[in-house]
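Please find the structures below.
There are two complexes below, and they share chain A, which is joined by chain B in the first and by chain C in the second.
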Partner chain A sequence: MVRLLVEPFESPFMARALVEALLLGVVGAVVSVFVVLRRLAFVSDALTHTVFPGVVIGYLVAETDGIVWGALAFAVLSAVLLTLLAVNARVTEDATLAILLTGFFAVGVILVSRRSSYTADLTAFLFGRILTVDRQQIILTAVIGAVVLLTLALLGKELVLRAFDPDGAAARGYRVLALDLALNLVVALVVVASVRAVGTVLVIALLVVPGAAARLLSDRLAVIVVLAAAIGALGGWLGLAASYEASVNHGLRLASGATVVLALVALYAVAAAVGAVRSSGRLAFASGGLSSERAP
Partner chain B sequence: MDESERTALRFEHASLAYGRARVVEEVDGVVRAGESVALIGPNGSGKSTLLKAVLGLVAVVGGRIEVLGRVPARARRDVAYVPQADTLDAEFPVTAGQVVLMGRYREIGWIRRPGAGDRRIAAAALDAVGLADRAGERFGTLSGGQRQRVLLARAIAQQPRLLLLDEPFNGVDAVSQEALLSALASLGAAGAAVVISTHDLALAHLACDEVCLLNRHQVAFGPTAATLTPELLRAAYGGQALVTDGVVVAH
Partner chain C sequence: MSAEPYVEALLVGALCGVVGVHVVLRRLSFFTMAMTHATFPGVVLAAIVGIDLLLGSGLFGVLVVLGVTWLSSRPRSDPSAAVGVVLSAGFALGVALLSAQAGFTRDLSAYLVGSILTVRTGDLVKTAVVLAVVLAVLAAVGKELVLGAFDRGGLVALGYPARRLDLLLLLLIELTVVTSVPAVGTILAVALVVAPAATARLWCDRVGPMTAVAAGVGMASGLVGLAVSQVAAVAAGAAIVLAACGFFVVSVLVAPRHGALARFRARPAAAPAGVA
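So, the complex of A and B:
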């Protein structure tokens, strides 16, 4: 077991991949708690796709170094657009989101398809290349992650109030639109940080699965955040270890980014099973408790 | 206290609109500190809109609304709003105690966490609605009436001078109703003005000094007994009001 979980990371490129996966796993997981509370999974999915043309444009302008800046520009643009859209949606919001998502995505595909290395580029942008992340990329992820976590720490109680009771927040004079923009920007930043490593498509797993899984395990917000972070990190670790083991020792090539996603989904399944057992246990306790008087 | 201090809420020919559509017209009346007013009218009569206008969330397009001597948006710090409990997500992972503490967030301010003083105020507020022993339970696991009491406790924790409640008695059991009424009475005794939108005329009789009858425009505004007459209720409800055994029932 130790061999499976530790040995793969003795090589420097795997160690770097692990650090990147842990960073993204933890940061994405904390954000995912808010995504789940606000039911923003689809909005986040839209964000991952609207950032895509930015990735392509950044790459066309300045090769790999341009990716982050292109992604960042489109992330900010998308966050603003999606926030405003949620307020003045004339068409039902999810139809508008789908139109936006697919429109931006198509622009990205058209731009990238003009290059001769079309297929390889597209694969890298969509699914990332976590095994080739370098030191600089890790530092960037850490910086963006710190900004994201700091923002959530500073605005946490207001964001929770807004998620729970938007009318109540507005009644107290909070600008709900500004809080929504802040959260959308935070989600967009996670997408930017993840682009090189897991790509624009797979990042949605980091932004949804840990929070959703942790929610199944606890009713306490503080506990949910910690559990989500643990699940996010564990998913990254297990996924990388599994893809290494399969590729190196069993001749079975597993794309590492996608394997991380599958590890997260597997952890979600475990959480769902544990959650189901817990709530059925609670039901049994509650029905047993009804017959006897409650202690004062 | 001079007259302006005593006036919690003043409507002067107030008309309200969402965008270009006028929703409520010609509301005229005064609510003084310590007084309670019931907003009564059929669905779609503009009760919620009027509450939102007092919070500064709906535009006043004609006349004036003055809240604690200020324009509505500037008075929010001293105004508490109690939403209908069943409009909130029952699955949300938050305890009753945490919900009450939310009433302190504006006073706590950005970035900072609730301190011991805030926790004391929140605990006292939860006690005032008779739910001190439920602080640790998840909000969504409480009954509808208990959730409504938690939301009133949140408003109390805010220490408001004006309290606005949106249909607080809908689907509330007798115990919770009693607890809500007694908490509202002590708020009134402490000098807070209370505005309650409700369908329940019997409760309006019980809980409110004055009544504002509303149906897109103001039908009447005055002392409860003098205002809840069959004639005026028929005017507000368009002939749908029924009077049985001396109790007025409206649809």
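So, the complex of A and C:
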């Protein structure tokens, strides 16, 4: 077991990948708690796609160094657009989101499709390359992660209030639209930080699965945040180890990003099973209590 | 270029437009998005096992529909998170399966952004059959589905099996998605379902005309996108999607009554007479 979980990370490139995966896992997981509370799964999914043309343009302008800046520009643009579009009435928000995300994404695909190395580039942009992260990229992830966590620490209470009672938040004088924009920007930042490592398509897993899994285990927000962070980190670690083990020792190539996501989903399944057992235990206890009350 | 891609674009456009009406009315865009992503491993598995790709993704999609329905009904879990989890799981499974095969990147991009230029006559027949089936089902229970979208309580009170009708609609969406993914790709198929119907919603108030307009916009998007992609030498699936999005954006601006211009013009009329 120790061999499986520790040995792969003795080589420097795997160690760097692990640090990156843990950072992204924890930061993404904390954000995912808010994503799940506010039911923003689709908004997050939209952001992961709308960032894509930014990634492509950034790459075309300044090679790999430009990716993060292009992604950042489009992330801010789309976070603002998404916040504003949620206000419109006739066409429902979900339809507008779907159109916005595919429209942006299609622009990205068209830009890539003009290049001669079309398919290889497309795959790299969409799925990232976590095994080739360098020190600079890890530092950037850490900085973005710190900004995200700091923002959530400062605005956490207001965001939770807005999630459960938007009218109450508005009545107390909080600007709901500004809070929504802040959360959308935080989600967008996580997407930007993850783009080069896990690509635009699989970030959605980091932004939904840990929070959804932790939600199945507890009703208390502080506990949910801690559990989600643990699940995010554990998923990154197990996924990388599994991908390495399968690829190196069993000759079965497994894409590392996808394996990390599958590890997260497996943890979600475990959480669902534990949650089901616990709630059925509680039900049994409750019904037992009822029957004993009825007994004379 | 041969005529097959254009025929496929017309068929898929009509299919997506018609089904999209129900997706838009019931706010199922995210579910549709999840279906496009989560049926992806079905395609890969079918390719590995060697059965028909449409059949493989279709069968896998049924599993996904049941999975989403079941997960959404669990305590403490809301549909949005359930759909998000299923979407990530399906997509990652597809990528992992595909990465274990040779020729990873080329196949993957074909699935992701579609390859409408390589459709054969056999594919056209399949799409036409699916279109016929979907139209027949909608002709039979379309009214009940629309009632369910606007007034679910009323549907139940009238004695219709509401849950079974919901499931039927999800299966129709699933069928549409697996049929159109080969043409416009996993990520972009949702646009062809949602954009024409959302466009039609801006122009029409009644469901009948809305369905006709949605089908028309879907077909027009297919033709325009394909033609542009040929002239400009860009990815066909993405061009079709941008055409559909273009119809929507123009409609948001200029549609009578519901468009931005019309509402802007209507505003002074509502103001007190002295102001004007």
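One rule holds in what follows: the second predicted complex is superposed on the first by the 289 of 296 C-alpha atoms of A that agree within 3 Å, B and C clash if a C-alpha of one lies under 4 Å from a C-alpha of the other, contacts with A are read in each partner's own complex, and residues count from 1 in each chain.
Heads up, the rule we're going with is that contacts are C-beta pairs under 8 Å (C-beta built on N, C-alpha and C of every residue); 3 or more make two chains touch, one makes a residue touch a chain.
On a predicted model such as this, the values are computed, not experimentally measured, just so you know.
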| item | value |
| --- | --- |
| Overlay on chain A: chain C relative to chain B, clash or fit | fit |
| Greater residue coverage of chain A in the superposed arrangement, chain B or chain C | C |
| First (chain B), second (chain C), both or neither touched by A:106 | second |
| First, second, both or neither for A:167, with chain B first and chain C second | first |
| Contacts of A:216 with chain B and chain C, given as first, second, both or neither | second |
| Chain B versus chain C as contact partner of A:224, first or second or both or neither | first |
| Which superposed partner A:157 touches (first chain B, second chain C, both, neither) | first |
| CA minimum distance (chain B, chain C), superposed complexes, angstrom | 5 |
| Overlapping contact positions on chain A, where the chain C interface meets the chain B interface | 215, 219 |
| In the complex with chain A, residue positions of chain C that touch it | 23-24, 27-30, 32-33, 74-78, 80-85, 87-89, 91-93, 95-96, 98-100, 104-106, 108-109, 112-113, 187-188, 190-191, 193-195, 197-198, 201-202, 233-235, 237-239, 241-242, 244-245, 248, 252, 258 |
| Of all residues in chain A, those that touch chain B in their complex | 37, 154-155, 157-158, 160-161, 163-165, 167-168, 170-173, 215, 218-221, 224 |
| Residue ranges of chain B in contact with chain A within the complex | 55, 57, 73, 76-77, 79-81, 83, 87-89, 92-95, 98-99, 102, 105-106, 108, 110-111, 113-114, 138, 154, 158, 164 |
| Chain C contact footprint on chain A (complex, rising order) | 36, 39-42, 44-45, 49, 90-92, 94-99, 102-103, 105-107, 109-110, 112-114, 118-120, 122-123, 126-127, 201-202, 204-205, 208-209, 211-212, 215-216, 219, 252-255, 257-259, 261-262, 264-265, 268, 272, 275-276, 279 |
